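You will see two complexes here that share chain A, one where it goes with chain B and one where it goes with chain C.
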Partner chain A sequence: MHTFSNSQMIKLLILKDWQLVKKSLAAYLAGGVLIIGLMGMATPLLFNTGAILMITLMIVIGARSAIELVVNEKKDQTLTFMMSLPVTAQDYAWAKLGANLLLYLVPWLLLVAGMLLVIVSSPVYNGVIPLVVLVSVFILLSYCCYLATALLTYSEGYTTAVMIVTNLLLNGFIIWLLRMPAIHLTLEAPTASWNSTSLLLLAAGVGLTVLVLLTTAVLQNRKTSFL
Partner chain B sequence: MQQFAFEMRDISIRYPHFAMENISLSLPKGQVMGLVGVNGAGKSTTIRMLMGLVKPDAGQINVLGYQLPAQQVQAKYDIGFASDDMRLYKSQTLQWHMDFIRSVYPQFDQAYAKELLKRFELIGEQKIKGLSHGQRVKACLLLVLARRPKLLVLDEPTTGLDPVARDEVISELAEILRDDERSVLFSSHNTHDIEKLSDQIAFLDRGKLLALQDKETYLDSWSRFRCQLPANANTGADAAVPANVAGVVSIKRHGQLAEVITDQNSAGFAAQLALAGFQVLEQHRMSLEEIFVANVKRSR
Partner chain C sequence: MQQSPGRFYYLDNLRAFAMLSGVLFHAALAYSPKAQGFWLSADPQQHALFDVFAWASHLFRMPLFFFLAGFFTALLWQKAGGVAFAKNRLLRVALPLLLFLPLLTLAMHGVLQFGLATVQQPSALLQLIKPMLTAEAPAELPLSTMHLWFLYHLLFFYVLTYCARTLLSDALQARLLALPPWLLLLLLVLLLLPPLSLVPAPVPAPEWIFPALWALWFYGLFFACGYVVFRHADALSRYSADRRVLLGLGAISYLVFYQLLPADLRAQQPQGWTKLLIIVCEASGALCWTLAALLYGQRYLNRSNPVLRYLSGVSYWVYLVHIPLLFLVQFGMTDLLWPAGVKFLVAVLVTLSGCLLSFHLLVKPTLLGKIVAPAAARV
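Take a look at the complex of A and B:
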């Protein structure tokens, strides 16, 4: 495996990506705070509206990150500029993987933590917590899938196709979860009910996310050229 | 022992519809080499191999003492690369790019960068999306030159520029290259630019190296003769070829007149033509573009 021998350059490339997206990321997080506030109103209508907006926001942040930082680098021909720097194809790939995960995981964690904080500190039933966490993990898994596609293909078409498929699957996943007695019967419980079904689903979601990332890293490491 | 900025030995690379076989190319330190070829000749592939971006199927590449692609990271600290398809981040300013490059290359010369800003009439605070194509090319060159690389690799840097912008870029480049003792590989299908800047010429066509020579010797070795054919000459297309005259690249006949092109020009060549019954009316030195066309036609 790669030994990160060029770690200083990898850090600089990650920092460069952060500088490129920090303004839009700040705007998205500001939007996230507003949405969390909406959910905190604790009426079923506002909570549900907030939940839909939050799902949309998480998808938009992920999509923008993968497209702007990976696909557009080739499309806008800034990849040639990057190639001229003292980096190998692997260094570049590691930097892209690191930057994307960092720039998505941090907002994702903040938004999920914000939602959970609102739920536990407002009259909203804490029983929705497993549903919120499972849906959030599914969105994270979806993000990793289209990030992997973007990193391995640099193709806007393939990446968009994976985005569409994962978004369609998200709808099906939510409906599937709500039809599960182990999930929907505990939604109005006063405390979060982590039963074997929800824990299994959580473990599967996290495991698949790690698997997708590891597979991407291994495939990236095999690249011998930029082109 | 001669020191080379780069040395490619017996390089071969194959793609589904393109191949380069046994290419050997080297540039002595401090020289400017013009790499000439039509689109698809293999110029960019050659340059990408020299940058370590593409691994050849066979052969060895040494750049500034580093083996490529294995030691590409170390080599790239001393190579400055700019190409026509290189773009900067549209949403950022030129100053942001200068700061980024400075963070990567410790040798980035800020005073020289400021001088280049003035010389290229660029504004550091201007966003890249507001620059014209010519200004973008100059911005890329500024970022590369201010690092003072030992080897400068320019892949079609003037493509797509209007004549005025091209002249500005080439003139600035010529001046900069005079000031410094750096080695340069300059690829273009524009032979005027190559003729103006290069010490050495390398011709590529369809993945083959047709010629590699210093510019003056190369230009001197080609010549065009306008001749009067003997009265009894055959009128067939090939009949006018004097078999005993070595170094004839092509002959074009216009009635009793013929235009003979040679790549072995010398005082003796005109004498050989005369012996073959060709009365030399005029002799012209050929431009690099004319040589390029004649050379490519001969190889096909």
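Take a look at the complex of A and C:
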């Protein structure tokens, strides 16, 4: 079990990351509000456009933060500067994992909650809720996958490759879900129908996300050097 | 140049008047011929004067509110800092919204049931929802923020303010303010046109549980203007000499706007060039009258006296609770053969009395007073 040798420094590193992405996050937040406003115009075209933009925004936030906060740190020689600070490789790794998760999970949760609120409050069938939740969890899982790649390899190439693969898989995942009778037959239900299939998929998605994060944490912990 | 935060009496007073004029506006809609098709408490007794008054006040009352909200946002942020600002707004805006939305929804449901049971000459809307509410399995009415949409949208504007403060530099404000005053006004009118083109005229209340893009854009511009005026005091004062012109321009805009409105607002809205003319008049009327209200307020209301201070203190509470009470009173009078003017006066007086009575019984002596009327609690 890892013990934080320098929690104050970890906190400072997280704060440093927050300062670095503050402007980007403010832009995403403004974008999120505008997309919600677009969906709030309550026409089918604007609603669907808003839903697609919302998914895009979730992907973009994840991709940008993984590249900006992890990969670029090595490319811009910031990592070499970090090595001169009184922090261990583990401290640095924990700070990176913590900052990235925090900076992604907060907007992710807000956007998912926003979408669910739109569905609950609009004439859209509540039956689509399981689909929306499953797709959102898949996007979170994808993010964790390329964050793990970025943290473990610091390679732009590998991280971009995982991003491309997970984004391609997202389309396949949505089509796969829509072909499942347990999912598509309940899409037009007035209430969210969580059946054994959708619950199993949700559990699998959450489980895989936790597994990816734990594996990343364990592998990070074993690192003996920054590089 | 930034102003030092002091007491802006005329803005407090204008806010109180705007909030109280909301009661008059909502009361007037029941006797407005144009609103007969969509107003719940629409009365068989009507008079066109109520239309003239209601739509004139509607043109600039909410824009003025958002302007003031933007101004006080800048003031509070500067005075207290971001974290204290967020805490203050959560307490003063988010908490009342969360607290009163379910309570008012329940109250409105009760008032509707009263109206359905007692009113012999129900309004078109009441007739429409009657089968929905009296069926064995009553249909769910769409989720609505009711008149609290103002608070709801304010929360989004606070988020956008944070974004703008993070992303935009003050240089943008300075560049805009460097424009000649009348060119800046023209630019603002042009910026107001797209959101107005998306909705029927006069602008509806964006009371759906989701904020609408047009409302964020339209009211957001007024909010932004208020924010900028706090930071650049001369932005408003350079229009001081033109306040009569602004009042006149607003009146001409309103006159044309009113003439072009359909007799029944539920009817098909004008299209094409007529629609363009309507929204140009709506935008210029809203802007000119909002500015005129601020300039006249600055000149004649910039003082503190006990009555204005009292009105300012109670206005938030009155705004929160007046709608169910007003509908209750108006439903009670619908079948009476009194003239519309008398009904209007009775409705306003009884509603205001009820609001003030409840303020002194339920708000001022309790914790609620610290949330919705901290100034009045101090008085």
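Everything below uses one rule, namely that the second predicted complex is superposed on the first by the 222 of 227 C-alpha atoms of A that agree within 3 Å, B and C clash if a C-alpha of one lies under 4 Å from a C-alpha of the other, contacts with A are read in each partner's own complex, and residues count from 1 in each chain.
Rule of thumb we're sticking to: a residue touches a chain if its C-beta (ideal position, glycine included) is under 8 Å from a C-beta of that chain, and two chains touch if they have at least 3 such contacts.
These numbers come from a predicted model, not from an experiment.
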Combined model on chain A: chain C and chain B, fit or clash: fit
First, second, both or neither for A:P44, with chain B first and chain C second: neither
Partner chain(s) touched by A:L20 [first = chain B, second = chain C, both, neither]: first
Touching partner for A:P181 - first (chain B), second (chain C), both, neither: neither
Vertex chain A, arms to chain B and chain C (CA centres, degrees, nearest 10): 120
Partner chain(s) touched by A:S84 [first = chain B, second = chain C, both, neither]: first
Partner chain in contact with A:G172 - chain B first, chain C second, else both or neither: neither
Chain B versus chain C - smallest C-alpha distance in the overlay, whole Å: 13
Overlap of the chain B and chain C footprints on chain A, listed as residue numbers: none
Residue ranges of chain B in contact with chain A within the complex: 48, 51-55, 69, 72-74, 76-77, 79-83, 85-92, 96, 100, 103-104, 140, 144
Parts of chain C lying in touch with chain A, wherever the complex brings them together: 142-143, 156, 159-160, 162-164, 166-167, 198, 206, 208-217
In the complex, chain A residues that touch chain B: 5-6, 9, 12, 16, 19-20, 76-78, 80-81, 83-89, 91, 224-227
Chain A residues touching chain C - in the complex, by the definition given at the top: 22-23, 26-27, 29-30, 33-34, 36-42, 46, 117-118, 120-122
